[in-house]
Structure formats: structure tokens, C-alpha cells
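Got a structure for you, written out below as C-alpha cells; questions coming shortly.
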Amino acid sequence: MKRLRLDRLASQLLAAQTSPAARLLRPSTISRSIPQTCRHSSLDYNSQPCQRRHQSTAASPAPVEEEDHVAEVEDGEPTPEDLRNGPLPSPHPSRAASSAKLAALHARLSLSSKIPLETLARALVDPSADAHPKYNNANLAYVGSTPAHGVSSQPPPPGEEVDPGLLQYDPLKPTVVMNKWGYVRANTFESAKYQSGKGLSGRVVYGSNPFGESGPAKSLPDFEVENDRNTKALYLQDAAPNAYANFVRAVVGAVYMHCGRDAAKNFVRSHFLTRTLDLSKLFEFKLPTRELARLCAREDFEAPVARLESETGRASRTPVFVVGIYSGNDKLGEAPGPDLDSALVAASINALKSWYLYSPGQVGVPSDTFTEDAAAWKPAYVDIGEIIS
Amino acid sequence: MRRIARLRKPSGAPLASIARPLCIQRAATRPSPSPAVQINTVRFYSSRQPETLPASLADSKRAVPEVLEDAVEGTEVQEYDLHPAEPRVFVPPPRPSVAERADTITDNLYTPASTAEGLESIGNLGNWWDDPEHWPETSDFVGFTPKQKVQEPVLIEAAVRRALTEALVVKQLGKDDQLTGHWGMQDRAQHDAVLALGLKVDSDGKATVTGNLQSVAEGLVAKDGEAAVDSAFALPSAAEALAWKQQSDHSWKGASLLEARVKFAVIKRVMQLTGHVVPDQKLAEIATARGLLATLQKPPKPKTFSQEIETKKQDLISLPNVAFSPKRVTRGHKDMALGRFKLIEAEFKKRDLQGGPLSVPKSREMKHWKGDA
Amino acid sequence: MTIRALERVSVGQNGIGSFILQCKRLDIHYCDHSGSSRGMNAFIKTHLSKFAQTHPAIEFAVSPRPRKHPVMIGHYINGRQKSICVANMEPSQILKKAELLRDASGDKVKRVNKPVTSINESVRGVWSPYHGNGMAV
């Protein structure tokens, strides 16, 4: 598998001080008039090599107009009114320096002074607010793609006059869904129509998120979203969380681009990995007793036996039974319950969790090998997987 | 509300000029003409005559003595065309006519009216003031000081230097009575010539001017009818004044202003050139030109606390995390910062609501203050 | 399929890893003319620039509110706000109030009667009556 070449992908992102003249060049009206499929090809006219695969190379009127604009800039000083018809979809980058909100956000996230305010302002522009890839956070978010939770922001309707310190997205327009951790297949309308998503394997294949969940949107209508890998429509269930997540990814991307990998790792560790998440509460078992029996059979343990360890108030309104599960002389798990059956189920769940939720301790991550004279990466042991499917 | 007259005639000083005998006809229509006219009072008003007075308001009873009228009839030339550039004199409304008292009437047939019906209404001005003809632009008051004060310290310094030099020239030439007279604004050449004169100050503060004093003194005296403020006169630019300041030495600032007439002349002239009025309580403590400069060059006090922050607290405003607004931040500003305003505006337009989202009816008090019913 | 994964949101503990000041914005309103704003105006003149400089993570929005008492409004990350009227106060008292707003978390004021609150499990575990040898009654 080829390694992702982030430096080449994101070289244009380092040009944080976007010149106003370049900003004025943006054909905001053109981007609305051209068809969706050739949007990237017509807008990526900058000199930087673009890594995005163009969906269409169909001829569009945009390049001709771009040349006109460039000529105009070289001839003399064009006024903003000359070059653009109508307001910009997102605040001008030059306004970033004067936004108190942005400066405060920069300080609140303890970002390095190497990261300019303009970059932070760009990280706050969701692709739904501004489709131009040089002015939204799609590329930054792709660089900093990492699971995270939003820090703070407000969702205003996007526009030129909006404070650049606010997150800008449009809930009624399509946006870019970043790839989350793990492999997630883009859920298409067709597959959603025909598959019911039964079984973990099926859900790994068809699920739209790592939890294997798919289905119709809860509150908002569905939007068709263009994706580089899959030209078919993606479900976009909630625009707001997606915009928040894109901002967080873009900030991580900005830290990576301006301060390097170590700073980005530190940032992720201090802001995200230190959050508390109880892994034992992430599971729901349907047939724990059966699963435990199969587990013991697979591992060549003796068959599990449930024993009543202690009880009180059997004839009362609130009895308590403590059930332990034994495999031979080894106790696998134990749990109290108000009746024998539920105590048995709870004990089985405890036994399964204590088997699966072992922690290998501090293990390395693949990026450790990026340093000089690092040892070859040895992946941590991952057990065989589920027993019953 | 009826507008009141913006300026009053100086009492006992009529506006007509005896220097212009052809204007007698106009003067005659005005009340209590007096031959004693001081030119200096005239120049504060634009001196253009009104074209005509409404016939209904011309007081024929107290009009011209017959002899004078005859004399005027002989000269039927329309003389106003001869002085087209001359500014018009402000004309106040005519005196109201007064009805004769019943007990002074000798006519036996006279019977007092029992009802008001059919009687002519006299004694008021009608809507004389409502006629825009009576408010000509040119009849506005022209003051001694320019309308806009000069604020650049360098220009103030140049003006003080010029005033001091001129006052000293007049003094040195022995024309002490001119120190309190009216000086014309003159042109740029004169301005530069005055500044080019040498000014030597000895240790006591006594200053002497060297150079061509005579020509400066001659140009100084204002011609008859010359306005105190001449719009044609242009001050030097700040850069020019700065260049002058760098060339000249600063010893002249020690010149004494203890002599009352010179001090008066200097302060009057500075007032005419820059528009700065030295307050009375500061007058006593000004002893030298330097002291006068210190009084004048002080920047104006900010009117509000917001202005004070804007001008003096740059260290606070320039902080990146501080957003300062000198005006109240309204609901509309917040909506604009959040991008909602354009949506609200569009909805208002869709419903054809003219006022817009921020239209709030003005307070009733505001209406009362403005004198509306 | 017997196991199903549940979606949960991780819980942030401010100060572990990174500390984020909960007060994100401080609105400072004054009146140009009213006497009750005299202390506030002096506070803006003398204390505010230093206070704002030492707290770059807070956005300070300074604006007049004519014919109203001076007020400070803190906006917090949890979406709540806390406002304090500082009419007729001395600049030093107002500085104390500003520090109070800075230190607040934005939550409603709660009574805290335990020395330690923690989301971690007890290291010693919870005593159970069903284990051990029991207690002779």
C-alpha cells in the first residue's frame, strides 16, 4: 500500500496569507453556474498541483473567464466591484486579523503562533458554505482527518459579512463527508434500498458508520453528496455535526502543516485522547450465555458452569442472587441480580467483557516509526474476533 | 415653528452704506435710516441688497421723504447691475404697521367696527419668513473666524509666527493705532513674505523684525468692505509648514507678549487665521509666544468617553482579542455578525414591509424637541 | 449476531491533557455620561488593557449602552451566560467581578459538599455484603 504523501497534498495550504487580489479572482458566480460534476476541474485553476482526481474534464466556460480576470489584475489596480458580482460566500481572509473571536479561539486552543489567524479562519469555513477549495477547510480537514469532538463554535448562515471567528456552514447545501476511522463503505441509495444490514459482516460491508448503523436520516432530509471515490450519492444525515467535525479535523491539519507531526500528535493527545471513554459500556450482548459457551469451546476451556455464590431475601420483595460462572476451577465472571436468570446473564456478560477487554498495555503506534533509527513496527496482538455471527 | 431671524442688526447701526448713494431707494424702505455708518460693522454681513421687497409689506406711510423720493425718481438707472459681485446685505422684515388709535381720529364719519368681519388684518409679518427669497445664501452671517478650526500643530505655529511678525512690524513702524484695526487675510505670497522676515529675540524677550517692513505693513491694512474671512486664501499644507518649521530656528518663541496691544493684536490675528479663540482665563498667563502656542496646540478634549478610548487607549483597542465599538451594538449588528440579517431583510422584502428589520419608530420626545405638533 | 456496538461520546475532563478556559467572551458595557458608569469607565481606562492582555483566550467586546447601568456579561462554552451589574462600583471592585466571571464555569451555582468529585471508579471497590465470611449477628 502506498503511503499517503501529505506534504505534496497540502503544500498549497501553507500559503496562509492569501493575497486579496487572488481572493478577488474567485469566480463566485461561475462556481454556481457550472455543473456539479465539473466543479473541481473548473475551479482548481491555481498553479499548485492538485491531487484531487477530476471528475470531468468537460470543457467549461470558466477557464476563459479566468484568463480575463488575470489580465485585468496585471493591467492595473482593479476595484473589488470590477471583479466580483455579488457578495462572497464566506468572509474575506483579510478580515481574519481583525476578528476578536478568532484571536480568542486561537489562544483558547493554545495554538502555536506559527499558525496564522487566516488559516484558523479557513478551518472554520465548511465546504457547504464556500465551495471553492482554496477557501474552505476540506483540504485541511483531509490532512488532519482524525476522530474528534468539537470544541466550540456557533452555526451562522454563511456569508461575506459574517464574523470570520464563527463556524460557517450551510445545513441546506451538500458538504464533504470525511472518512472516519476504520474502513467505511459509502452507503449508496441502492444498497440502502436493497440490503437490510443483518449480521456484523454484512454491516461491516454495508454500514455507513463503524457501528454498522445505517438507515434513513432522523430529522433532516437526505442530500446527495459528491465524493471523489464514489460518485454515487452519499447519505449526509446531519450537516451540523459534520461541519463541527470538519473544523476539528481542519485544525489538526493546520497544526500538522504549520508545526509538524510532533505538534499535531501532541495536540491530538492533549485534546482528544485524554478524554474519558469507558470501553466496557460500548457493547450490548443478546445471547451472552451461548457466546460464552462457544468461547470456552473454542479456547479449549472446560464448559462454563453457573453457580449460586450467595443469596439473600429469596422470599422477600427484593431478593439478591450473586451468580458466578466457573470453567473448571477458574472463575470467569460474577454478577448480582434480582433473579437467577438475570444474574446469570449479567455474570456471562462480565465474563465475556473480562475476556475481550484486556489491555495490552502501552503499545506503539505506526507513526512511531517515522522518527530516525526507529525500530520496525510490531503490531499489537488482536484476537481472533467474534465467535457467533 | 416659525424660524426666527438668525442675526440682528446692531442697534443704531443701519446697514445701508452712505458710500453708495445710488442705493438710497432701498435704504429708504428700511426703518430709521441714519447717515452715520461704520464700515467695520458692515463687513460682518454680506452686503448684497435684496432684489425687491414685497409691495404689500412696504410701509408706504413711513416711506421716503418726498424730496428724497423725487431725487430718486430722477435717477431711474438700475444701479444694482453695476455691483453684481457685491454680496447682498441682510434685510430684516419690515416693521409691522400700526392702526391708528380711535381717539386720535378726527374724521367725524368714523365709527368703530363692532365685529372683526371684513376688517383688514395688520400688524403681523404674515409668512414673510417662509419666503425662501428672504433667506438668500449670501445673506448668511460671515464671522470673523473661519468656520473650521486649524488643528495641525505646525500650521498653528506658522500662524502664530505670522501674527507675531505682523504685530511687531506694525509696532516698529510706529502705527500703533493699526494694532487694533482690521487686517486683511491677503494671499499666499504675502503669507510667505511675512514668514520670511527675520525675527530676533533678545534675552528679555524683546523682539525685532528685520527685512522689508514697509511692504508688509502696507499689505496688511484691510481694504474697505473686505471680508474678515476670505475663502480664496489657502493655508499652506502641513508638509509645507513642516518644511518651514525645520528651516527656522525656534528662538522666536521666546518673544514677549507682555505688551497689551501687541498681545491683543497677535491673539486677534491668530483667531482670524486659525479660528482658535483663546479663553479669557488663559489670557493672563500667556506671557510669550511659546505660552500662546502651548495654549493653542493642545488637542481638543474628547467629547465622550468612547472618543477618549478611541483616541487615547490604543493599547487596549489594538489587542487582538478586544473588539471595541464606539456606538451601541444593536440587535441588527449582532444579526449581521451572525449572517442572519440578510435573511431577515429578504423576508421583510418578500412581505413588502418597507421599514426593514431595524425600523423602530422615533421617540415622541424627539418630535417635540424638533417643534412638531 | 449477539454483540452490538453502542455509540457513546467521550467525556472531556478539562485540565487533563489540555485546559480550556470556560469563559469564551466578556461583554463590557458602559455609558458615556451616566454617573453610575464612572467606576466602569475608570476600569476600562486603567485595568482593562492589562486584564485583556493576560487573558488572550477571552474575547472582550467593549461597547457603550447609553442611559443604562454598566454591566459585564460572561459567555461560556456550555452556552450559558452570567451577567453582573457593576453600577457605582470602584474599578478595583469591578476587577474582582471580572475575575469572578473569568473563573466561573458557566454552570448554575451548585452546592458542593464533597471534598472530591470524580468520574473514576473507586480503587478500593465498593463493600459488598454478599462476599467474605459474613457478619455474625
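Each chain gets a letter, A, B and C, in the order it is written, and its residues are counted from 1.
Throughout what follows, a contact is a pair of C-beta atoms (placed from the backbone, for glycine too) under 8 Å apart; a residue touches a chain by one contact, two chains touch by 3 or more.
Because the structure is predicted, anything quoted here is derived from the model rather than measured.
Trainee: Check B-C against A-C and say which one is joined by more contacting C-beta pairs.
Mentor: More C-beta contacts join the chains of A-C.
Trainee: Based on CA centres, what chain would you say lies at the far end from chain C?
Mentor: Most remote chain from chain C, centroid-wise, comes out as B.
Trainee: If you average the Cα atoms of each chain, whose average lands nearest the overall Cα average?
Mentor: Chain closest to the assembly's C-alpha mean: C.
Trainee: What whole-Å value do you get for the distance between chain A and chain B if each is reduced to the mean of its CA atoms?
Mentor: Chain centres of chain A and chain B, defined by C-alpha means, are spaced 71 Å apart.
Trainee: Using Cα averages as centroids, what's the distance between chain B and chain C in whole Å?
Mentor: Each chain's C-alpha centroid was found; their separation is 59 Å.
Trainee: Could you please state the distance in Å, as a whole number, between where the Cα atoms of chain A are centred and where those of chain C are centred?
Mentor: One centre to the other, that is 30 Å.
Trainee: Send over the residues of chain A in touch with two or more other chains.
Mentor: Correct list: 100-101, 103-104, 107.
Trainee: Mind pulling the residue numbers of chain B that touch at least two other chains?
Mentor: 320-323
Trainee: Which residues of chain C are in contact with two or more other chains?
Mentor: 56-61
Trainee: Per the contact definition, I'd like the list of chain B residues that touch chain C in the complex.
Mentor: For chain B paired with chain C, touching residues are 304-306, 308-309, 313, 315-316, 319-329.
Trainee: Quick check on the complex: what are the chain C residues that touch chain A?
Mentor: Result: residues 1-13, 16-18, 20-21, 24-25, 56-61, 77, 119, 128-131 of chain C touch chain A.
Trainee: Under the stated contact criterion, what part of chain C meets chain B in this complex?
Mentor: 30, 32-33, 37, 41, 44-45, 48-49, 52-53, 55-66
Trainee: For the complex, give me every residue of chain A touching chain C.
Mentor: 100-101, 103-104, 107-110, 149, 151-152, 165, 198-200, 210-213, 269-278, 281-288, 290-291, 309-312, 320, 322, 336, 386, 388-389
Trainee: Looking at the complex, which residues from chain A come into contact with chain B?
Mentor: Residue positions touching the partner: 97, 100-101, 103-104, 107, 117, 154, 156-159, 161-163, 166, 168.
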